[in-house]
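Read through the structures below before going on.
Both of the next two complexes hold subunit A, though its partner changes from subunit B to subunit C.
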Partner chain A sequence: MKINKMLSPRRLAAVAGILGVAFLAGCATNAPQDTWQPKGPNAEKIDNLNWLVFPIAGVVGVIVIGLILYILMRFRDRGQPIPKQTHGKPALEITLTIIPALILSVVGVFTFRAIFELAEDQDTEMIINVTGQQWWWEYDYPIQEQYGITQPIITSGQMVMPAGTKVILRETSRDVIHSFWVPALNGKKDAVPGRIHLLRMEADEPGIYAGQCAEFCGLSHANMRMEVIALSKEDFAAWVQNQLADYKAPATDTLAKQGEEVFLNQCVRCHQVNGLKRADGTPAIAAPEDNVHSGAAPNLTKFMTRNTFAGAMFDLVNNKCRADVWGASATEFGAKYLTGVTEECLNTTKLRAWLRNAPAVKPMYANPEKLEPTEGKYRGMPNLNLTEDDIDKLVAYLLTLR
Partner chain B sequence: MFTGASKYFLGLAAAAAVSLVLYLLFVTPNDLGAIALGTVVLVAGTLAGITLFNRDAEAETIEDATGAALQPLPNSVWPVVCALGVALMAVGLASVAMVFLIGLGVLALGAIEWLIQDWAESASADNKFNNFIRERAISPLELPVFAAIGGGIIAFSFSRIMLAMDKSAGAILFIVISSAVLLVGFLIAFKPNFRGKIIAVVSAFAGVALIAGGVATALSGERAELAEASREDHYMHKECGEEESKYFDKVANNRVPLRSGVVATIILEDGKLSADVIGYNEPQNSVTLQRANDSSVLFRNKDAENRRLVLNYGTEVVGETGVEEKLYTCTQLTGEDQENVLVVNIKKQSSVAGPFTFTVPGVDDAIEVVVP
Partner chain C sequence: MAIIERPETTPAVPGGPSVPATVTPASSLGALKRPVTTTGWKSWLFTVDHKKIGIIYGVIGMFFLVVGGVEALLIRLQLASAEGKVLNASVYNQMFTMHGTTMVFLFSMPMANAFANYFLPLQLGARDVAFPRMNALAVWLTLTGGIILNLAWFLGGAADGGWFMYAPNSGPIFSPSNGVDFWVIGLQIAGIGSLIGSINLIVTVLNMRAPGLSLMKMPVFSWMMLVVQFLLVFSLPVITVALTLLMFQRGFGATFFDVAQGADPLLWQHLFWIFGHPEVYILVLPAFGIISEVLPTFSRKPLFGYPFVVFSGAAIGLVGFGVWAHHMFASGLGPVSVAVFSIATMAIAIPTGVKIFNWTLTMWGGKIWFATPMKFAIGLVVLFTFGGLSGVTHSVAPSDTQQTDTYYIVAHFHYVLFGGMVFGLFSGLYYWWPKVFGKRLNERLGSWNFWLMFIGMNMTFGPMHILGLQGQPRRMYQWTENRAGEGFFDLGFWNMIASVGSFVLAIGILFFFINMVWTTKKEPKSSLDPWDARTLEWITSNPPKEHNFDRIPTVSHLDEFFHRKYQEDHATESMTPIKTAEEILAEEEANADAHIHLPSPSYWPLVLAVGIGVLGLGVIYGVPTMIIGGSIVLVAIFGWVLEPSVAEDFDYEGTSHDDGPSKELTTHG
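This part shows the complex of A and B:
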């Protein structure tokens, strides 16, 4: 094919169009998982390394690809005889070995320095245990009295931490390998069953930082999301205080009280609400190990202090309220987040759909027949066949968990 | 030409076939009996076919085939082997079952070899030729079996020696032996003059030394800490106490978490317990374990006494009796400066089913276990 034909205006326009779309996609401002927008010192270390490595790799890549294209065109087969073959050119070979070695050495020095800095754990100020399972993350806060955490706090979906604080996540998994990745705050780190992996996490300012499980972990891997909430130290103390506050039972003769009964009959088999008691006064203890294969289900204590549910797949707040929280300035963010989910802000549609038939909105198993319990246990949240009346009651009850 | 052997095997196959038919018709059959008789038919028929195909060891004439009996026969070791097998069986009957089984194996081996040799010696008047067909018949079986037996003896002897020796000395011995093997291999490869008697003498000496060492160390027993660990099974009826336990985590060493990482290391030193927890820079007096998740905890004993780590994790109601039984698990007894692992999976929150603790019997200290 002639070069003129290869470089026809139509072809050039198509290539330019593809490159243009790719370029414009990189300019998106509403990209919470953009790896080029660090919001904390750990992500900045990675970003700084990227700014060193990418130009070098880019220049080398352009040179190599350019040379290949030039050689492909310049020496393409035109029926000419095979030229004289030569072997060995020591000066050239040594040069072409030394140059890449020098480039890799420079890149290697900065890369190793960044790796060691990111692995530093001697300056830890706070610890959070992170446990992955199909397909949600559980966060538990060990007792740390300097932050007012006098009893363990357990939550899911959104991990709350103080901004400007060096937090170490102790990651593990209950089933398969997952990977915790919040690009704005740090790189990814695998959560492996039986192992504890450490990941530094620090946010410069209060705000929401979105993430995504980065290790394929099964059918709903794409729905296994997470959000890190950074609060000012004062707001974080308020959040802790609220998480540890006693359970408040709904007032008698209310829809919420009826919802509490539904919860005790259905949901408490797997979901724990700390402080919830049965009618006879005994504590209602969840037994997810007897009912789901993963052996765990999200603890719903203070459920309405979170903005997401179902493994952060769905927003618990409606679009308007979500935009209000996500768009808040660093100074206003804490107050807006700590307001929690009000009745006006509740994403009733999604929550009701979830309660109506969870597997229908979040794939739990490829084979629908396997959604039936095996060995008496379900895979993920089952369809409980709740009536619309029960769902009304449950929604009213869940709204009280704040 | 139907010679003695083929007639014999054909007759046996026919008799077994008739027996099988009669068995199936007139006796209440079971699978085992039918399989046994069918196997005899199959084996005898196959052997008859082989002997017919080979014309009874390729004897040209019936005179050749029977004339061998008139020739002086070579010496045979197999009657002695059979006698040894019978003797071992007799000793085994009076002592250890394993000796009886070994004797049975030796007797079977000797009998098979003897029969094959006898069969080959009947082939012709030429002992050299007879030996050739014996080897052709038995070598495909003999070589792998002898290699397996020899390899097994070497491996068993070597393992006995390693289990009896001190760990450091064992490592040194291993290095020395592997270096010697490498050196000998090098000499054989690069110094052809070394081949022959020298190699045979050295190999024989090494083999005898290895077997003698294996026998001696097998009799003397394993080194102290291994012997102690193996004795634990004999006390499984007892509780998690200072000495023995039925609750110790017997399969801990086979579990995945141990091979990949530990959540925390519990250290006993100067009568005090402390926890070295991954992610924490200072020793802790409490450990947080994820609920419903396998977590491995390492126990390091720096006490002069043998100790074990016990995890107490609440109570459970036994069956329908309503009786509450304490839940606990523990490591094996752990010697001074030794370590043992405990893999735990706690289903309940410590706030509702606790308190949970790590303790060491005989030590007045505890590490709190928090399960969120």
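This part shows the complex of A and C:
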């Protein structure tokens, strides 16, 4: 039987070779969640293991495929008689069983060691509690005087931490299973309701490191993102100080002051802003447990010190400012990040769209009438039917939360 | 010539065909006579013949291949560009859930059963499986399960929790529509079918082999199917338990996965994956079995290292039960468990590698004929090697914490499942098509089929390695430019290539269907032994007679058929042909058994399957439906039990029907 000349094994080998090389060269540059660009010691440990295993797999693959292509060329039917009916060679087969076993034993030893090193928690220098819920991440910094954290700090979306510090995340969930994954810094660890899982997190240098929820968690799983912000020790202390600074009410008779009223009418049902007071002077305490199924909504204290929102789905900064911050070098990054979101940098379009009709831009079950099982509580932010005027006021107010 | 016992009269014309006797009916059963007709749609609906059942499984499988394939194409259309608008989040989540569920349970398993049902008895020299009516029940339960699973699309939305359906997302609060309920019931019912089938096939293999056919002379396909049936027997009950717990949680307020009541969501994961990992070997071992027949046939030499291949298959089956938590490396198991499962997963790479070496060495020194079945078989060896090697990279648990839940995993399992299992199935389709349908599928169309599938597959799933390693997670209804990196080869580029590739792949599969139609219309009948094959199923006509073998063959060699055709001269190491296939078949026919008993068709398997389906729907729709379903089930069970396995004489009255009795049954030799 003649084989199709166009697809002869020799040509195939050439094509496969060219494609293989192109493939290996054809990677994205600066992919923010690239698992082969470690930026912290934990990710580096994993990267070292990768560089052991992947080349071995690659070499084995090339040998096997090469052998097959050779066989197809050498032993194709050229009219030779029916070949010798070899049934096997036990010695060869045993050898070919032992060789992979030996290779894998070596890999196994290195793997074993890395598993236990990555599970180490006795050298922890800082703790952050991480809670996942549909579809955003909450960060809760317990009191740690050595970092200036004299009261708990609660933020969401972007997790700020000091660079070069052995941080441990204590992860859990308020609803379904999520997974915290910032590839540049470490592998992922699931956030499971009813359990607490530990994940080491350490960045070598200041910078912004992208991440994403990595366990299917429902409608907006694709939109549940986060970033880790690593700051130098001094910058981190400044950040902490700012987060704990007193609330600055907007000046009377400003648009922002009117926005504060709108906030007190609408937003404070779910969103906490520390130090915010009602007109009568009582502190405005948010009650998300009454209104949202997961029982929590992002804490918006110092909102404009972050540059993403809505579960890090949207940029709070416009494209130009984003490029500035994300592209900053390690030495400049801290100062740029600590500037926060100014009025010039605000991504007005995205923020207004969110305030106008959140479920329209992020799929959530925000209609309580469709949610019998949640006893009428929202899942995610509902459409508040705000007027454009209200939105103007709110935006002005939110800009003061710095 | 074989005589199958049916009531007959002597021929009106001497030497002519007999006519079934008109017998005075013992009682007027009227419509409840058994469906003994041998032609027409009734002969398919009520059949207990393993060959017809095999074809029915094949039709079910190929139908759901198209359904699952369309679901995949819609997914790739949505992911071809950033923030695609083809499918919204809700529909997308249903789409990927049903794509996975359909491909695993409604395409792969039925196709494996198609081959197992058709060819196990033939390879073993038997006339049918051990329990023919149970066999029919199994296929109709599979279809019932498939229908119920897909009914959800039309009744409020399909299941949307992923094919792995993790708790608590699968519970009533987070998945309020009925989709998950249909998923649970559909899978339970299909699972009953699989379990029944597995017991049936184990008994068949252990008890019904031809004289002289010891276990170590069985073809490798039979061996792999035997291992698969044992995997099914031990893994299906685990998912049955998991599905039952979920069903009670969703339907009756149980709290098995309710965290507020103290449940641990990881319970579901363990139960699912203790089934789920053996399941992937259930999916791939049949394909391994098929190419273990094809590679030797088209290399013209025996499988290299038959005992090693058999034992490695059994080893994979056994160790396959010890690696499930490698799907849970990021789930918070703790380093000790993770280490154990990591090492175990590396261990299972060894028997798998053995098979690759043995297949490769089978071809070494051979006389390789690149017919379409062989192209697919070689394709499997190449593509499974890739998939297996990426699997080895997952076994390194710390690396896996970066890889899991990304497109790198999607790449891995599609290489082993598509490149492995599907290519093996297509190899089997092309190889055995002349046996089943009497014609060889067209070679030229087959070549187009193969190359388009090979190129399409690599174009679709190759880039997914890059997508995953560069940070794109799975199960996302959209991806964004923000996370796609920069440069020409950014993640958007590779997403687009994968999407284009999926359409090339679809066209490749379309070529198979084109080939099917073309062959039926235009190809000539095939010779008896078109491939110079090696195993027992080829000592039958094309297609085999209803009773398979006129005389049950006596076996004295592995590759018995090949040894009857060729004499090996050890001195000159040459093979001399001594008999043709036609001669061997004629010899068997000349020594036909005097009496052959075959089981008769029956209504009850189909009725019971329908009853179980209605009963299942009752779990969703309420007690009245359950009562109707339960009644049908009871009637069917009693009807079945009280019915003898061979039809009574009075069932034949009035069946000398327009199609006539088939000639072979009543002609005297």
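Just so it is clear, the second predicted complex is superposed on the first by the 338 of 402 C-alpha atoms of A that agree within 3 Å, B and C clash if a C-alpha of one lies under 4 Å from a C-alpha of the other, contacts with A are read in each partner's own complex, and residues count from 1 in each chain.
The rule is short, and it goes like this: a contact is a pair of C-beta atoms (placed from the backbone, for glycine too) under 8 Å apart; a residue touches a chain by one contact, two chains touch by 3 or more.
For clarity, every value in this text was computed on a predicted model and none was experimentally measured.
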Which superposed partner A:L264 touches (first subunit B, second subunit C, both, neither): neither
Which of subunit B and subunit C A:I153 touches, first, second, both or neither: first
Which superposed partner A:V192 touches (first subunit B, second subunit C, both, neither): both
Contact breadth on subunit A, by residue count: subunit C or subunit B: C
Subunit B versus subunit C as contact partner of A:V107, first or second or both or neither: second
Contacts of A:P288 with subunit B and subunit C, given as first, second, both or neither: first
First (subunit B), second (subunit C), both or neither touched by A:A335: neither
Common interface positions of subunit A, toward subunit B and toward subunit C: 192-195
Subunit A-touching residues of subunit C, taken from the complex the two chains share: 88-90, 93, 161-162, 166, 168-169, 172-174, 176, 259, 262-266, 299-302, 304-308, 330-332, 334-335, 338-339, 342-343, 346-347, 349-350, 353-354, 356-358, 360-361, 363-371, 378, 381-382, 385-386, 389-390, 392-393, 395-406, 447, 451, 462, 466, 469-479, 482-487, 489-491, 493-494, 566, 568, 573-575
Complex contact set, residues of subunit B against subunit A: 255-257, 259-261, 263, 278-281, 286, 288, 290-296, 347-349, 351-353, 370, 372
Partner subunit B, residues of subunit A touching it in the complex: 121-122, 124, 127, 129, 131, 138, 140-143, 151-154, 168, 170, 172, 174, 192-196, 198, 272, 274, 283, 285, 287-289, 294-296, 299
Complex contact set, residues of subunit A against subunit C: 1, 3-4, 7, 23, 25-36, 43, 45-46, 49-50, 53-54, 57-58, 60-61, 64-65, 67-68, 71-72, 75-77, 80-90, 92-93, 96-97, 100-101, 104, 107-108, 111-112, 114-116, 118-119, 175-177, 179, 181, 183, 186-190, 192-195, 197, 210, 212-223, 225, 293, 315, 363, 371-374
